[in-house]
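Okay, so chain A shows up in both of these, paired with chain B first and chain C after.
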Partner chain A sequence: MKTSRFWAWLVFIVGAAYFFIPLIATFEFSLRMRRGEYSFDAYRVVLGDARFQETFAYSVTVAVFTILLGVFLVVPTAYWIRLRMPQLRPIVEFITLLPLVIPAIVIVFGYIRMYGSNSPLPFLGSARGTDALLVIGYATLALPYMYRAVDTGLRTIDVRTLTEAAQILGAGWTTIIARVILPNVLIAVLSGAFLTFAIVIGEFTLASLLNRPAFGPYLQNIGANRAYEPAALAVIAFAITWGCMSVIQILARFAPKSANRPN
Partner chain B sequence: MADPFLSIQSVKKSFGNVAVVKDFNLDVGAGEFVSFLGPSGCGKTTMLRIVAGFEEPSAGKVLIGGKDVTGLKPNQRNIGMVFQAYALFPNLTVAQNIGFGLKVAGMPKAEAQARIDEMLAIIKLPDFGDRYPYQLSGGQQQRIALARALAPKPKLLLLDEPLSALDAKVRISLREEIRSIQKKLGITTIFVTHDQEEALSMSDRIVVMNEGRADQTGTPFEIYNRPSTKFVANFVGTLNVLEGTISDAASGTVKINAEEIGLKGKLNGSKAGDTLSLALRPEAISLGRKAGNDSNLTGQIADVHFLGSVIRVRVGVGQNVVSLDTFNSPSSPPPVVGQKTEISFSSGDVLVLH
Partner chain C sequence: MIIAGGFAAARIFSQDGAPMTQASISDTAIATHSAPPDARSGFRLPTHWLGVAPFFIFAMMFLILPTLYLVIGAFQNDQGQYTLDNIRQLFIDKSIRDAYWVSIKISFWSATVGAFIGLAMAIAIVRGGLPAWVRSSTMTFSGVASNFAGVPLAFAFLATLGRLGLVTVLLRGIGIDIYAMGFNVLTSWGLIIVYLFFQIPLMIVIITPAIDGLKREWGEAAATLGATTWQYWRMVVIPVLWPSFLGTVILLFANSFGAIATAYAFTGSSLNIVPIKLYAQIRGDVLHNPHLGYALAFGMIVVTGLANIFYIWFRTRSERWLK
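And then the complex of A and B:
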């Protein structure tokens, strides 16, 4: 018993060291901007930079629209597949996995060829159109995470019976999705939403090649030209991601409990 | 039935090449409690889902209150339904669950609250409104599901094996409660079950289904005592089937293992030499001769099971084995295995199976 606990702790410590030592080193380096003493100067510079605020605000806005698009696209699709077309599930799962296989650079070149200013759908003809295309592109990149999260959430409830129970009580499709299905998979949707947020905040390829003022290209630019600020930005990016994860954990406590699985 | 409330007319349903419901006809009167009884896969749930509108029939129509509802969606039929798996909405409280249909229908809040309170009182859970489904037992959840189905005052109530997931004690008390609420509200009800005891104890009429057809429709008394097919006789209750040969069709004499019994008037259309199956309920058979029983057979006791107040005895009669129950009497010892014995019954209790 004692031996097995020793090995369990050893594995835990090695794993924790693997993850935390680079992060601690980065954090320590980010504090060295002032010669001979630790300070938060690098953070002050980064957070005071107008471009940081602009690019971060832009990326947050794009992330919110991406999440909304993802929810509107994925929740009804995953629900309908579970309810009426379960035989299509492997095909839809395969399609949602494609963004993991096809590099973002291929997707963005496809977009540039398809939606140029001379095409029937000239998304790239205006800044707003390009923003919309960026949102669509990000929704595609986040699809594997959003679909899986929602599908897993749907698996925990008896979709068919709940739908039929609502139907027989007079509810239409909008009421069923809004008042029965969505509240019961809300935590799963939020998990997908925060994963989407984390992807969008750091994404470089699409934003850079579509020439949008997003946070990813800003990070890259700072990283290429400064010494301490990129380390501070890396720590900030980690803090944002962990913040998202913590919110998922907190919200999971408020998940509706299934009658069959109370805990 | 002159003016049925629910009329199912020549309904058929196939999934691909598999015919699940084959030409089903039924008229149900207003306020009647009708059970669909049958084994798994007999089409009873499919038939219920057709009435609910979840399945579209391949042919035939469904009329409720004289109106053809075959093409209507489930949310346009004003039907209440209770599911086997409760199907309470986990994110809503008990009161919100019961009020769901009322809210969808746009009932004013105060009126809806009064109806919710009324339903909670009917199911005898008046203080449970603020609880969530996961805080309730299976029996309580099913009562809430019943209240939710009844709250919008539906024209018809469908119960899809609502007691199957519950333990035996709760099942018995809840079936009595469902029946009493149904009688009190006078709501026309279709109840699907594979449990014969439930069907026999709750129903005004029972439809015994087999392979997509209604084999027999009748009162519980008729179904149990006068089964019209071998399937119904075997499925409902315990039944002894004896194989015999007709000696004389005119006088109704049948030979079973070299002994003859008389079944006057029950062998119409048969002739001497035909083999036939005769059915007898265990409670219709006595061990030994008994006054009033006009038929006797000789056999040997094959098995004795002491069940407390009842002793179940199996008697070998030639190739047939007959089960019968006798009451336990502390003053007389139970029968002994291997002992020769006579069994007796009234020829009036013998069913000739087709």
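And then the complex of A and C:
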């Protein structure tokens, strides 16, 4: 037992070192901008950069729209599948897993060929259309996470009883979904939303290939041209990811644990 | 159950003043049409499907058709005739073949190495007798690190192992110049080291429940039958964990095969891997043949698709034991 604990500590410490050294190194590097002393100059330069503010604001906006589209798409579908069409569940689950199978770069390649300015649906013909296509693409990438989060949330409530109760009280479908189902799975939806946010905020491939001024391409551009700012940006990006994951962890504490019904 | 229902009903009422009257007035039409779910009979198919229609239309337009477009394009030539030439070209063209080979090599090594280290760490935190905080903080950190990929990850490793990175400088301080020894972080091996940063945590996140599923009774039963620790591992633990381990390795493989942002930020377009080649092709038709580009994309789908089929197969096998 003693030796096994020694090995466990050793494995854990070596592993932890691999993860913490790059983080420490990045932080240290980001402080080195002023010669001979540590300073937060790199952060000041980055945060004061107008391009940073623009691209970050753009990506936050895109992320918010992506989350809204994801919720509109996933909540009614997952609800309806649970309530009325359980026979479609395998098909829908398969489709929601496809974005994990098909690489993002392939999906966006398809978009570029299908929705060009000469196509019947010229998304790429205008800047607004391309923004819309970017939001759609991100919603597609986030589909596996969003669907799983919402479906897990739905599992913990009794969808059928809630629906019948609401219908007896005279509620229509929109009311049921927006004011009965959504509030009950809000925590699940929020954790899906924060995961979506973490994925979208620094995403590079789609934004770059669709030529949108998003945060990911900005990061890449800074990385290719500057020395200390990229490290500062990496620290900021890690903090954002950490923040999103912490919120999800905290939300999980509020989520109902037990399933009311087996399915 | 009743509490949940009552709670939701209470929500409907408590929202604003007199919603019940409001609901019964404004939604009468809908309510009479669709009220009792199972009372209607006969012609009900269309409304039934209406609920899932938006999802299927979305998936069709923005997931399936764009992919099919590329797949069909991969089997056509410029005149729109069907051909296998593009696929054959994937194997003949040396630079494409090399790109696939390098991609597969990077994905394979980052997946296998990441899987073994992740497994060792997972066993250490679950079975090693470490304090509880070690496990919970490792799991939390793994959740963060498995999602910390893309461009910033490349920056972090350049700041660590780049020519001016902290580790490089510190090692040079004690007389070890890793760059003079031929090390360069901007190579496939450098990229593998970087990919491990999200591969290991992903392994930990996925395999820990499987290790939890190993029942203490099995160990006790083996000990009662006189098995040594080694025999217990060889004849119980490894056979039980094997399918979920292999399944996860394959998932890690697919995970790094499609990744591009980290590699692109890391080495620019100098590293010849499939996603970067496809990126260049989308940007400017570097292959001078759009249909060869489609074939390149098709090849990626085949690789990740095969990986996922194996993953599902292994997962169903592992579920037999880990209930």
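In this text, the second predicted complex is superposed on the first by the 227 of 263 C-alpha atoms of A that agree within 3 Å, B and C clash if a C-alpha of one lies under 4 Å from a C-alpha of the other, contacts with A are read in each partner's own complex, and residues count from 1 in each chain.
Here is the rule we go by: contacts are C-beta pairs under 8 Å (C-beta built on N, C-alpha and C of every residue); 3 or more make two chains touch, one makes a residue touch a chain.
Values in this document were obtained by computation on a predicted structure and should not be read as measured data.
Trainee: Can you tell me whether chain B or chain C touches more residues on chain A?
Mentor: C
Trainee: Let me test your reading of the model: by the given contact rule, A:183 touches which partner, first (chain B), second (chain C), both or neither?
Mentor: Both chain B and chain C are touched by A:183.
Trainee: In the overlay, answer first, second, both or neither for which of chain B and chain C A:11 touches.
Mentor: Touch status of A:11: second partner only.
Trainee: Considering only touches as defined above, state whether A:65 meets chain B (first), chain C (second), both or neither.
Mentor: Neither: A:65 stays clear of chain B and chain C.
Trainee: Mind working out whether A:40 is in touch with chain B, chain C, both or neither, as first, second, both or neither?
Mentor: In the superposition, A:40 touches no partner, neither chain B nor chain C.
Trainee: Pick one for A:203: touches chain B only (first), chain C only (second), both, or neither.
Mentor: In the superposed model, A:203 contacts chain C only, not chain B.
Trainee: Please indicate which partner A:25 is in contact with in the superposed arrangement: first for chain B, second for chain C, both, or neither.
Mentor: It touches chain C, and chain B stays clear.
Trainee: Once the shared chain is lined up, is A:165 touching chain B (first), chain C (second), both, or neither of them?
Mentor: A:165 contacts both chain B and chain C.
Trainee: Across the two complexes, what residues of chain A are contacted by chain B and by chain C?
Mentor: In chain A, residues 157-158, 161-162, 164-167, 169-172, 175, 179-180, 183-184 are touched by chain B and also by chain C.
Trainee: For chain A, which residues are in contact with chain B within the complex?
Mentor: 157-158, 161-162, 164-172, 175, 179-180, 183-184, 256-259, 262
Trainee: Which part of chain B faces chain A closely enough to touch in the complex?
Mentor: So the residues of chain B in touch with chain A come to 52-54, 73-75, 77-81, 83, 85-91, 100-101, 104-105, 132-136, 141, 145, 148-149, 152.
Trainee: Spell out the part of chain C that touches chain A in their complex, as residue ranges.
Mentor: Interface residues on the chain C side: 1-2, 4-6, 8-9, 11-12, 15, 20, 23-24, 27-28, 30-31, 34-37, 48, 51-52, 54-55, 58-59, 62-67, 69-70, 73, 117, 120-121, 123-125, 127-130, 134, 138, 140-141, 143-145, 147-148, 150-160, 164-167, 196-197, 200-201, 254, 257-258, 260-261, 264-265, 268, 275, 278-279, 282-283, 293, 297, 300-301, 304-305, 308.
Trainee: Contact residues on chain A for chain C in the complex?
Mentor: 1, 4-5, 7-9, 11-12, 15, 18-19, 21-26, 28-30, 72-74, 76-77, 79-81, 83-85, 88, 92, 95, 97-114, 136-137, 140, 143, 157-158, 161-167, 169-175, 179-180, 183-184, 195, 198-199, 202-205, 209, 216, 219-220, 223-224, 227, 230-231, 233-234, 237-238, 241-242, 244-246, 248-249, 260-261
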